[in-house]
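Both of the next two complexes hold chain A, though its partner changes from chain B to chain C.
Here is the complex of A and B:
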């Protein structure tokens, strides 16, 4: 599988390492070249230093050939723009985007872009764990 | 008419003043304390301090009942986000956006934001035209730069001096609007003769402008 990852922060670099270890072809794009130092020495993919909201940088990554694009920068408006370019201009089959501020996720309603919010995941996991421990302090109602 | 402006700098400030003078209800969103204080002190707009891409602040600015939103920040992803959320979530009928990177014009259009001011392209086009030929000035660009009205001062070496309009081989897409001769305005007819020092006003498509200048100036 050919995967383009936008943003080489904590999330992006960890996903890049994981996919690379699983034998996928990975390209990571980040605005700051220093970000690539987070990648493990075993990372076998490529890195591109540049602004992913510029089409020339995306084309350099061969995004038009990608099976999957994962967008993980810290800025929601950048994530929104890049994921829409991937989905609707380059017609990438699977586009996954990280949500930093849950309020801003409404932009993805009625789109084919898959969203993942660390905040919501944290809350879900916490709720699950507390439910398992039988604690009554945090139940469905108080968290939704 | 209710207008929301997300942006900073002088353009935002002057637009707010203009719209308020026209009697519109204006609200502005900006995340800088200083700029918000400045706007609050100098205009009667509703000033919201916050992140203009956050639906919470858009709502505070009255996005639910706004007629128009202008995204004028220097950050293209923010401008795109603001216009898209304004349209899809708040159902604001008219959205306008500045694009800073000229290449983003197509991207915005493909992603549903239709009314775009490609400021970098417009300004560089204007400067380029002035710098290139000094006896040519671009007076006005309309329809987002898709039509230009420019003025050409006819130099002694112009190949059309002494000729009548009929005799000039003017390309079809160029309209010879009028001639300014000293202080007088002449509406040109087929037998109007062109003289040295005449200012010719021409209306052209931007891509035909070079061709028009060639006919009027030679070279």
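Here is the complex of A and C:
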């Protein structure tokens, strides 16, 4: 599988290490070259230093041939733009985007873009745990 | 105390890796035996390959199986990769030397020399090819084939886990074709084997026997230069065979990443590549002056002069080491040009040796930029690019420094080696020629390297080939790290 990861922060670099170790072809794009130092020696893919909102950078990463694009920058507007470029211009089969501000999830409504929000995941996990312990107002039924 | 524990654990991991590499490299020893059905008379030599293969496999198996190792899937750093590369190379070279000794062809020094010359794709030889059995000739070519790609590349493409990125970088073949190291090494092996098969077919079409075509194609693409004939390519005296050899040598000296761009039809990138441009420029510059000032005096007709010059220029710069004739009749002008070409060497990430075109290219480019910068306004912003593989690369001053350091180290080692030659009573031009050939893993010879050569000379060349192939630093880093760790271990035990 050919994966392009945009943004090499805490999330992006960890995903890149994981996928590369599992034998996927991985290309990481980040604006700052210093971000690539977060990558571990497990990572054997390519790194591209540049702004992912520029088409030339996206083309350099061969986004048109990607099977999956994962967008993990810190800025939601960049995420939404890049993920939509990937989905609708280059028709990447699978686009996954990180949502920093949960309210912004509305941007991706009615699109084929898969969204993941760290905040929501945190809340879900917490809810699940509390429900398992059966404490307070939360119980097993409220999980459904 | 805790550090000692970690250190122990790391070295156990390294031993495991080395074990795997040794086991796999013992398999190489069995490959020449595949030819035995065609040469049934030589079955008597098979023990010379079986015995070392079994010994190496056992050693590797013990190292792999009986080393304690707690955690799975640990990554290697570049320094640790260096240690693995260094030790597996040494072990492989020694085990590959055993067949030569077991059939009583060579003594220890000569056998190690021949094996090192094979694995480093040099091509200097002390074997008498007219009397050597066919399996031994085949074994020399096989060493060159795998040595050309590199032990680690071959292993990563087949048996080894891809966790060892440190390994890949440590072997001096650092350009990646695809964004995953395993696929990258596979792509390299496919391209390399493909060209080799093509080479075999072309040689057969040009009239070689299958055995000779096989050996020469392997030796040309790996820029090795072992031949099955005493007079090398000159034996055939055929223009078509020479032209095929030119092409194969030039292919061999080109970076695999550049080949990858070319094979995908990206001609623009191919011709923008600095190494390709420099290679063309050097050929265009040196071939005419070499013809006019040197080779002109040896031959009577123009076609002979042209053929000889083109062949020797390409064989020197591609660090192959095939030859059409001896260099005895060449004047000093020609000899020095060949020495310069051998020092420059081929492309990075190819099978060639020498200082490498890439380093020469960026040093000259940076000289040009410096002069250009002098005439620009003081606060002008400059951005300098070069093309490498498929990519446009912004050139930082670090790269230039690394390249310059390497050149200085290379030249210092070179003169040290030449001094050792001179101390043995050889004259200056012969010594310079022969050691440039060994250090650059070329394989051209003015006749110093032979069965009668003193063992000091052979060992100097052996070391030179090893340093030249693994590009110095890995060996230094690995040895220094081993010593430092040992010192720490014994001081705190």
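We take it that the second predicted complex is superposed on the first by the 136 of 144 C-alpha atoms of A that agree within 3 Å, B and C clash if a C-alpha of one lies under 4 Å from a C-alpha of the other, contacts with A are read in each partner's own complex, and residues count from 1 in each chain.
Here, a residue touches a chain if its C-beta (ideal position, glycine included) is under 8 Å from a C-beta of that chain, and two chains touch if they have at least 3 such contacts.
Keep in mind it's a predicted model, so treat the numbers as computed, not measured.
Model built by superposing both complexes on chain A: chain B and chain C fit together without a clash.
Once the two complexes are laid over each other on the shared chain, residue contacts for A:25 go to chain C alone; chain B is not touched. By the touch criterion defined above, A:64 reaches neither chain B nor chain C. In the superposition on chain A, A:40 makes contact with chain C only, not with chain B. Shared-chain residue A:84: touches chain B; no touch with chain C. In the superposition on chain A, A:124 makes contact with neither chain B nor chain C. A count of residues in chain A touched by chain B and by chain C gives the higher number to B.
The superposition places the C-alpha centres of chain B and chain C at an angle of 100 degrees about the C-alpha centre of chain A, rounded in steps of 10. Measuring only between alpha carbons, the smallest separation of chain B from chain C in this overlay is 21 Å.
In the superposition on chain A, no residue of chain A contacts both chain B and chain C. Contact residues on chain A toward chain B in their complex (touch as defined above): 53-56, 75-78, 80-82, 84-85, 88-89, 101, 103-104, 106-107, 109-110. Contacts from chain B toward chain A in the complex involve residues 53-56, 75-78, 80-81, 84-85, 88-89, 101, 103-104, 107, 110-111. Residues 73, 75-78, 162-163, 165-166, 168, 176, 178-184, 391 of chain C are the ones that touch chain A when the two sit in their complex. Interface residues of chain A, counted against chain C in their complex, comprise 2, 20-21, 23-27, 40-46, 60.
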